[in-house]
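To keep things simple, chains are lettered A, B and C as they appear, and every chain counts its residues starting from 1.
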C-alpha cells in the first residue's frame, strides 16, 4: 500500500460515506493490541466502517483495484490477541456497528446475527424466545459473537459442540476478490425467505454442494473473506440450573471423572480452572482479596452444571445429579455447591455472563497474555508440567499463571490455556513473559500441543510443522483472495 | 446351451446393484469384525470380479456381448469354492439367485472350451473309473476289510452306507468311513455298502462346470441307488449329501430312497436309544458347518405357481413360494451329536449354519487354486482358535482333508481336525 | 486402452497381481447402483476403466497418482463401491479399489477417536467399538459401507444421526493423497499432535476437502481418516439366533426401548420430531412411511400385498416415526421414556404395541372393519394409559422380540435397510434430501410424493402410496433430513429412464422451491445446473480443481472440471 493518505481517503470516499472513514488517533489506537508481550504488528492507517454488505463489497473491490491491504475487526474494547494484526500498513474494516439480529427462530433453534453483535446483546435478544447460545468463558463486554465463533473460540458448554465449526450454521461473506458468497443451507437455491417458506432455516453449515467454505473463512483471522452475517445454532435456555463444583489437588484425580461425565453428555456447562484462574474470574464478585479466595480453593476446580429445560426439568436434574454423583463417588470425588469461598452458582453465573469492558484475565495484574492450544484431556497434565517448568526457568511467578482447561467438541479435544498475568508497566515482567511465550510455544508444540488458532509465536511454529498444509493454504488464498488484499503476508500466505 | 441357461437367469443378474453384501455374512450376524467376511475368494483376491456380484456382472456382460469367454474369465470364474455363501447373503435382502448364476457361468465357460486343465483331468478320471483321482491309492472297499459288511447289490439291506470316492485316496477318510460302519454295526443297523462298485457322487463335475458329466453321474447314481431298493442312503461325507439331496433333483433326478447324512442317521439312532455314548470325551471343540452338508444340501423346494406383480411392479409369488435360502441344511444334528457326548465342551464359531465360512475345500479349488484353498482353511482354523476350541470338528471329507492338509502345507499346526464321526465313535466306546 | 508400459508402471507400484486390465474384470467396475447418474441413455453400464489397481499402502496410492500425473490417465478411487459415483466416467481412468486398505489403525477409547483405512466397514468398526462402549455413525444404506468414504468423500446419513451426527461432521483428521501425489494430513494429525481435530491451523482446508457432499473421487484419494466416536450404552456383545432372513437378538438388552410411534397427522409427527430432539431422548429415529411400516411388519411380498390391500396401514400408519431409546442408567431411561410419553400426549402420538403378530388373515378381517372407523387409534390417543396397559400385557413375547430385533437391526446396526428397499421390486432410487431442517425434509418428501404419482399411475414405479419420504433428525433435532425413495423393477428400461426424469424434475423443483441441493446433485453436470442458483459455487470448485489438480489426475466427473486457462 504505497499510496499517500489523502489519496487513499479520496479513493475510499468513492465507495463509502465520509463518516465511515476515520483517521482519528483515538479510533486507530483502539485497534492497537493491548499486549506488549507479543508482536503487535503495524497499527492500521485508517478505520473504515462500511454500512452494509454492498459497501463492503465495493470496498474490497476497490482494494483489489488499488492494492489496498485490508484487515477486519468486529469486537470493541481491548484487543489482546488481535487477529487483525498486520505486518504492513492496512485499512481496518470495523464491523462492530453491524448489530442486527434479523431473525430468531425458536422451532429450529437458530438465530441470524451480524458481526457486531456482542454476547450480551445476543443473550438478551434470545431470552424471550427461551433460547441461549454457548459462549466463551465470561467474554468481555465488547466481544463480537461472530468474531469469537469464527475464530473457533471454545465455549463453556462442551457437549453442545458437535463439530469444531459449531455453533456456526450458515454464513454470508465477501471473498478477497470482492464476491459475495453464502455457505451452508443458505447457499441456496433460493433467497433466505424462500428457503424459510419451504421449511428451511439456514441451519446446516455444510455446502453448498461439495464445498464447505465457511471452514476456510473460520480461523482465517480475516485473511480469506469478511463475514457479513451468520446464522448460528442456539440452544434451549435452561429453566432450572443446579451447578456443582468438584475440587481436586491434581488433574490426575479429576480427569477420569470428566471423561466419564462427558462421554454420555451428562450435565451442561463444564470446565476446569486452577485456583488462580478461578479466583481471578471471581474477583469482581468477591470482596475478599484474590489471594484469600485462592487460598480457600483446591488446586483445580471443575464446574459441572446440571440443568433442566422446558420438559420435566426437575426430574431431569434429579437423574443427572444421581448419575454424576455416582461417577464422582467412583473416583473418590464429591459434587459440592461450594468450595472455600467459591459458590457454584456464582461461579456459573460469572462464567456464563459477559464480564466488563476489560477481559477478566487482566484483573489480577492489569494485563494477561495467554498461551493456548488444543490437545486431548489425558495429555493436559504433561503440558501443565512442561509449562510450569518453563515458567520457573523464566522466573515467572507461579501464582500469576492461571490455567483453563476446556473440553471441546464433546470432549474429543481440549482447549488448554495458560494465562500469564502481568503488570504491563513492569518491564521485567514483560520481558520475562515475552521470553516465556517464545520458548513455550515451540516446546509445547514439540510435545504435541496443537496451536489451531495461531496467535503470537504460535503462528510461526505451527505452520512450520506442516509445510504442505501451508502450501495448499497459499493456493487457497490465491483462489479466494487473488490480489492478497486481506491482510497480505499474514502467516506467509 | 449354457448361454441359454445364463439367459434364463438374466433377470436375476439385473437385480444386482453391487452392494457387496455377497462378500460378507448377513449383517445382523456380524459378531466379530475379524470374521465378517463370507467369501473366501473375495477375501483372497479382493478384486470385485471374484465375488458373487462380480461373477454375476461378468455373466451379464457376456449376455450383453461386451466380453467373450477367455482364459482370464475362466480363471476368475473357477477361483471360487462354490460354497454358496453369496447366495445366502444376497437372499438376506432380496430374492436373487446368485449361486445359480455362478454355476451357469461355469458351465458356459466349459462349453466354450475354457475348462481348467486340472478340472478336465478330474472329469477324465470320473469317466474312466468313476473317481476323480487318476490312480486311486486304494481299492474302493479296502476300508471295509475284515468288517464283513453286506455288499450290494449281491446282498440286500434296507440301508446303504455310501462311502463316496475320497476314502480311496485319503486314509483319514477311509478311517472315518470305517468308524461309521462300526457304529452302525454297534447299533444293530442292517446296512450294506457298494464295495468295489463304489464311485463318486459326481459332485466334482458339478463343481467344475461340467454339466453333462454331472447329469450323467447323477442319473447313473440315482439308477444304481434305485436298483438297490434301499429305503435309506447314508452318506459319510457332507459333500455327497449336498450332491444327492440338492443337486441331483436339480440336474437329474432324486433317488427314490431317503438320502441322509451320517450325522442325521446317528442322531436318530441316539434318539431311538439304539446308540449310546457312554464314554466321556474331554475336549473343547467347535464345529465347522460344511457348505454341502449345510446350506448347499437344501433340496429344491417344490413350488407350482407363478410370479405375479401387484402395485405396479411389486413381485410376489402365487401361491407363496418359499425360496432356498440355505437354512434347511443339516445344521442341528451335528450339534445334537456333539452335545450328546459327555464331557465335550462345545463352542460355536462366529460364522455358523447357513452363513458358515467355507474352508476352501470345495468347488475344485484345492486342485486349481491351492493357495486359495489353504488361506480359506487357515482363516477358518484361526476362527476356531479364537473361540477357544482345542480341536475343530467337521463332517465332510473335503473339509477335513483341506483343513488338515492346509495346516501341513503351511506348517502351522494350530488345531487337530476331526470328523464328527471320530468323536461319536470315541464316545460310543467301541473297542478296536 | 492402456499401454503395456503403463500397465507395467502400475504393476511396479502395487505388484503385478494387484493390477487388472482384463475386460471381464473391468466390467465388474462398470456396473453400479443408479447408473443413470452417468448413463443418460438408460444403459446399465458405466464407462469401463482401463485398469483396476489395488494398492495396500498410502505410498502405493501416491505412486499411482504420481504416475497419472505423468500421463493422461486419471485416477478414480473407491472403497466398498456400490454407487455409480464410484464409476470411471470416461476412457483412460484407472480405478483404485482400496479393499486391501482395511485396517483399523487405532481406537483411542478415552478420547473417542478411531483412525481407519478406506475399507473399514461400518459394521466391523461398530462391532469392535461396542466392546469399548463406543459407537460410530453408520449410514442408512447399510452398515457394509466404508466409514472413511462417507466421512471424507461421499455422503453420510444414518438413522442414529440424532445421537451420532452426520458423517462429514465427524471427521477429526484425514490423510489425503492430493491429486498431485503429495500426502497432506489435515489438522492436528498433520503436526504430529494426534488425530483429534481436522481443522486448522488457521483456515481449515477441510472446507475444500468436502462439503455437504464429498469430492467423490474427483480430488485425490483419502487414505486414512480419524472419526469422531460416540458413546454406546447398549451391550458390548450379544447372541443372535434365527435364520435368514429373520435373525433375532437372544433378548432385548436392558435400558433399550424400540418404539413405533404413530401420529394423527404429518404436522403432529413433525412437531414430535422437534420435541424429542429438544428433549434429547433418542439414540436414533427414522421416519418410516406407511409402505415401509407395512413391509417391516410382514414377512414377504405376498403378505405385504395383503397388508396394503387391507387398508389397515393406510388407516393408522401414515405418519410413523420409529425410534430407539438407549440409556446408560436406569434413571436416564426412566426420564426419557416419561418425556417421550409426555410428547406423545402432546402430539396425539401412539406407541404401537408390537406383541401382536400381523397375519394376512387378521389383516383381511381388520381391513373392512377399520374402514368404518374414523380413527382406529382414538381410544389409545385419548387415554394414553391404555397404551401402557397394552404394552404390559405379557403375551406375544416372541413377536415383540422379533419386532424389537428388526428395529435394532434398522436403527442400531443398519443391517436390514436394504431388505426394505430391495425386497419389493429389487430396484430403488432416491431424490432430493438436502440437509437442513426437519420441516424442510417433509416439504421435500411431499414434493417427491406428488411427482412420483404419474410414474406410479403408468406402472413404472411401484405403488407405495407415493409417500416414501425417509429420514430423521440429526444432533438432537438441530437438523433434519428426508429423502424421497421410489421403487422399480431394475430390469425395466423405462424405469431407469423415469428415474433419470425424476432426478431432473427434482433438480428443477429444488431450484424453484428453494429445497436445497439434492443428495444426488453433485458433479460437473449438476454443478452447472445449481451453480447459478447457488452463488456460483462451481466457479470456485473449478479453481480449486485447477490449483490442486493441475494435470487432471483425478477423474473430475463427480467433482469439477478444472477452470480453463
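The rule is simple: contacts are C-beta pairs under 8 Å (C-beta built on N, C-alpha and C of every residue); 3 or more make two chains touch, one makes a residue touch a chain.
Source: prediction; values computed, not measured.
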- What pair of chains has the most C-beta pairs in contact? A-C
- Query: If you average the C-alpha positions per chain, which one ends up nearest the average over all of them?
  - Reply: C
- Task: Averaging only over C-alpha atoms, locate the centres of chain A and chain C and give their separation in whole Å.
- Result: 34
- Task: Just give me the whole-number Å value for how far the CA centre of chain A lies from that of chain B.
- Result: 66
- Task: Going by the contact rule at the top, pick out the chain A residues touching chain C in the complex.
- Result: 107-109, 152, 162-165, 179-182, 185, 187-191, 194-195, 197-204, 206-221, 223-224, 233, 236, 259, 263-265, 309-312, 315-316, 318-320, 322-323, 326, 374-379, 409-413, 445, 448-454, 458-459, 462-463, 465-466, 468-469, 472-473, 475-476, 478-480, 491
- Item | Touch list for chain C against partner chain A, complex | 108, 110-113, 133, 165-166, 168-170, 172, 178, 182-188, 190-194, 196-216, 228, 230-231, 233, 274-275, 278-280, 328-329, 331-332, 334-335, 338-339, 342-343, 434-437, 439-443, 475, 477-479, 510-517, 521-522, 526-527, 530, 533-538, 540-541, 543-544, 547-548, 559-560
- Task: Going by the contact rule at the top, pick out the chain B residues touching chain C in the complex.
- Result: 10-11, 14-21, 24, 26-33, 36, 46-49, 53-54, 57-58, 60-61, 64, 66-67, 70, 72-73, 76, 88, 91-96, 310-318, 320, 325-327, 353-355
- List of chain C residues in touch with chain B within their complex: 18, 20, 22-25, 27-33, 44-45, 52, 54, 80-82, 97, 99-100, 104, 121, 123-125, 127-128, 142-144, 237-238, 240, 243-245, 247, 300-302, 304-305, 308, 405, 409, 413-416, 418-419, 422-427, 456, 459-464, 487-492, 495
